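What follows is subunit A paired twice: with subunit B in the first complex and subunit C in the second.
Here is the complex of A and B:
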């Protein structure tokens, strides 16, 4: 019989079990420390909840006692800010949060931005953006120059937009597909009006994905003043852009101008006819039926299905026509 | 004679030993990848992302499909949990697959439903639909009653009726955490549609209190059999799927909780209505479709979003479940056997398929052989003791060490069971796994293997099953 490494394997298993035992001890100690931090954070909140309320509502300046002393207290302050920002935010409150964060939290997040842990860096970026810590704008720009993940890249763009809106479009006109469509939309939606206007006026220079997102956002914003811009896009040679522009017109929720509707009803593209079918529901019944008749025998099931709501009225009109002819 | 016996023992001993080494190396690598991934995400404040995607402007609408067959006991809690989801735009389609109990009546009564019309595009062939109801309390809740055709058929009906471009499948007895759908949709939303299917983490609900569809106070069940399954789920989901997902090699995402792009699911042919493991079959079909069309889309597993599901509490039900899972596994592997070692299918064909064949499918035969070998070797005594001891040690390494490691990894990264006592209990039971739970599941899986092998020649005559959730692959 060949010699088997039983001793080695036994040693290996014993070593691994010993290691797991040590990890268990470490885990429990780490948990105890976390629980202690959570207790410290709650104690901080209990002590200072009223003072925070008075400060953030503008009744009194922030006293030195509010400055967090350690990680636990920083997390307590974060919870206070998050809670107020989510529920009661106003410009004055945001300014007070920014001021306090710049003074007392910037150092903490500066360290986190340099962390090798991705979660720590991303959490810091979230807080810098949420609390408006512009004292760290330069640190964020330094981070942006390094190779970062898609999530960090997007968060850095939001921060750049918030802290330096002037020239934002110029700096980021070509994102080279670095961010997703959803992120594109969010970025465009959060743009101040002037920045958004600049992006819209330079539509042709934007990446295709950003162009599509911009048109979607125009629909979301439901700004009637944008109708002429959208109408112009309906003549685009890019089919996708045309469909999205039509969808944005539909999203405005108004009675669609006849010219647009006529072109959409006669379009060779089923998506455009589908949107037209949705648009005609907002017309008075007699006009809607005029368009619906054209679409009633459409080759696309989805277009026909969209007209279902008008079904009984369509049938009635058909009967009336037949009666008149008869 | 003695010489021949010695050679046979040596041969099988060597074979089992080599297999164990391969598995241990594979598991160690998967453990390492899971550790690195969880370490990266461990401290992330997920609320930030949740809050962003909870806004309808940025999320994609989802049709939630709940196939139900005799789910009277759990369907109402499940619907409540789905109605409570933090997700901006969903429609909820409960598909009653010809239940014999009062599932439909219960849902109609509890949610004040009335007959209604719902547009459907018949893109997949299904059994006839009998009636469609819509809730007057929750207008986005629908009940579709159809003839019994199996879970796959019920899901196909759901796809035909689904209004939105993505659909999420949930078992009729499963409970979702409120933010689970947001989190499982995140890779789909941020990848510009590159991720075409995503599955979440499934955990066991036994022993927990469920109040109006929400899980209260997570604690471990008092039953050893259930705790062992909890550990098994942790190990399978955290260790196996994270690593496979990282390299786009996932072949299974749980049917209990997964999201698919409707376009890709239909392009892949929809759910198979004759196979037992329709969830695995769907993922394999999508992977196959992607590779054949040379598309770079992905299937992902997301460890954080949690779906709670009920685990069998008795040996007989657990046996049936494991037998069915294994049958489903073999059927899917067999149906797509030409992908094995086929470079055309990339890492799925070259790594996933061989791994699933060797470790997941035929592994139980070798492992049970190992147990028998250990017993024989002890009886034969002498030089075979060494082999027996060595194999036992490898079993401990393979079973106990990885199980305890998974419990610790979970506890460190996701902390689903915050009580220290629960963690210690899971670890203590992991020590006993190799002597009772493991051999039992091996026998059941081999039973499934044998049953499948006899049925492979009569592929088209597969016995139809209802859209049961208890026995479906997790």
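Here is the complex of A and C:
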């Protein structure tokens, strides 16, 4: 058994107790500071909520008293902007938020962008994008040149798209591969029409994930004018791209052109036949049965299951054929 | 026992009855917030087809709606008509129709004065005096119908407005926006709530006042649709006009909200000017 002198044990306990006391004092001080900040923010909101309403409605310019004096007041202003942007729309309001943020908040967020703390930087990026602080566009570009996390990369792309849509595809055509598929879709959804068109026209140069996301977004947008583009993609050698393009055509909700349907029904890929079986349901019964006959004995259970609704009609047609043969 | 109800033959109201009927219909004007047209008709010229003044009044009794009341105005050459739930446009349209009917029957020409009864302080006698003044004006100007204004307007009515949203800043913004609206004869009493339960337990809904409820579909404790159901279950639920705010933009959600009894639907984020226009329209619809 290891024998320890009692003095050592007592000393250790006293040290731990002292450490605990220090930690408790720290927590109390931190809590008190946080509460003080919350009180200051709340007092700011109480004093200025009506003035913010009048300013953001465009009834009066922002007075100097609205400029935040410390971190607590900055968080109060952030709260005002978050609330208005979340619930209300209007170009004038967004412009007033941008002007005020450029004038009074840019310095605060510039410091945050240089922080070594990841969450500080990311929060600053969120605010810069949401409030449209284009005075920090150059600082964001400087940050983009550094090694950053995937979340920061996505925010930086959103900021670049919002502040400099011209040439966005050129600058970022390869970078999109560094973000997730969901983020890719969000980015594509937010693109102005001209930027999206450019991305679509340079589909071959995009990363695979971005290509797939773009085709999915085309389906979600349900823009009939994109049908010829999607039809072209159906001839791609990339099976995944073909399946997604076919799914996007299906999402348009129209009667699928015969050429597309014929190719999908005869496809060796079960996913394409499955989508074809879904498309068939939008055809008049006589036409649907023509295609359904081909798919009725499909090796894939999912394809056969998709045709279940046409089952009775198929059986009837079969009986008619047999009767005709004698 | 025979329970069939026969309609009593409609008759010309005499001076003893008309005051009572006028007060009764006026009370309904205030309650239903729908104006009543007070029409005084004067006959002119010869009664060519041999019809007497009484016969023309009797013809008027037959021409009006079941809800209208015709009265004898005491002075010769006059006949009066009370048209509940009607404005001056409806009264003018009726008079054009009646005038045509008289012309085709080859009998007398008419002139008329129309007064909209909106204010509870307007008595039958005052209305009659104003309408007689209108008849004199019509005769002087050569117009067939003269519109008379009692100068009282509508009685200013308090409309309760409840704003329910979990975001306190947004609640306040909506409250200020509604507070800045100017709607004739309407005084707005605005209160904000952070939750549906707060509203339902506040007792704020328990009064006869028209009540505009602007609520978010998602609320803590008791959400917007639950509040809507609770309000529509109340015995005097018609006093509530409900504007639902939501982030959900699907047709299914909208259909469900309308079927549950919402009057208007706003998808967030929305333009505050659009919101104000909708609220003004909803308030204007209180009176018709």
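Criterion: the second predicted complex is superposed on the first by the 291 of 326 C-alpha atoms of A that agree within 3 Å, B and C clash if a C-alpha of one lies under 4 Å from a C-alpha of the other, contacts with A are read in each partner's own complex, and residues count from 1 in each chain.
The rule is short, and it goes like this: a residue touches a chain if its C-beta (ideal position, glycine included) is under 8 Å from a C-beta of that chain, and two chains touch if they have at least 3 such contacts.
Keep in mind the model is a prediction, meaning the values are calculated, not measured.
Q: Between subunit B and subunit C, whom does A:50 touch in the aligned arrangement: first, second, both, or neither?
A: second
Q: Applying the document's definition of touching, compare subunit B and subunit C: which contacts more of subunit A?
A: B
Q: Output check: A:28 vs subunit B and subunit C. Expected answer is one of first, second, both, neither. What do you get?
A: After superposition on chain A, A:28 lies in contact with subunit B alone.
Q: Per the contact definition in the header, classify A:42: touching subunit B only (first), subunit C only (second), both, or neither.
A: neither
Q: Determine, under the contact definition given at the top, whether A:239 touches first (subunit B), second (subunit C), both, or neither.
A: A:239 contacts neither subunit B nor subunit C.
Q: What is the contact status of A:84 with respect to subunit B (first) and subunit C (second): first, second, both, or neither?
A: A:84 contacts subunit C only, not subunit B.
Q: Look at A:95 in the shared chain and tell me whether it touches subunit B only, subunit C only, both, or neither; answer first, second, both or neither.
A: A:95 contacts neither subunit B nor subunit C.
Q: Between subunit B and subunit C, which residues of subunit A are contacted by each of them?
A: 86
Q: Show me the residue ranges of subunit A that touch subunit C in the complex, using the header's touch definition.
A: 45, 49-50, 53, 57, 79-80, 83-90
Q: Touching residues of subunit B toward subunit A in the complex: what are they?
A: 10, 39-45, 48, 51-53, 57-59, 119, 121, 189-192, 383, 386-387, 389-390, 393-394, 396-397, 400-401, 404-405, 408, 411-412, 420, 423, 427
Q: Spell out the part of subunit A that touches subunit B in their complex, as residue ranges.
A: 1, 4-6, 9-10, 12-13, 16-17, 20, 23-24, 27-28, 30-31, 86, 117-120, 122-123, 126, 130, 150, 180-183, 185-186, 189, 209, 220, 301-302, 305, 308
Q: What residues on subunit C touch subunit A, complex-wise?
A: 165, 167, 169-170, 172-173, 176-177, 268-273
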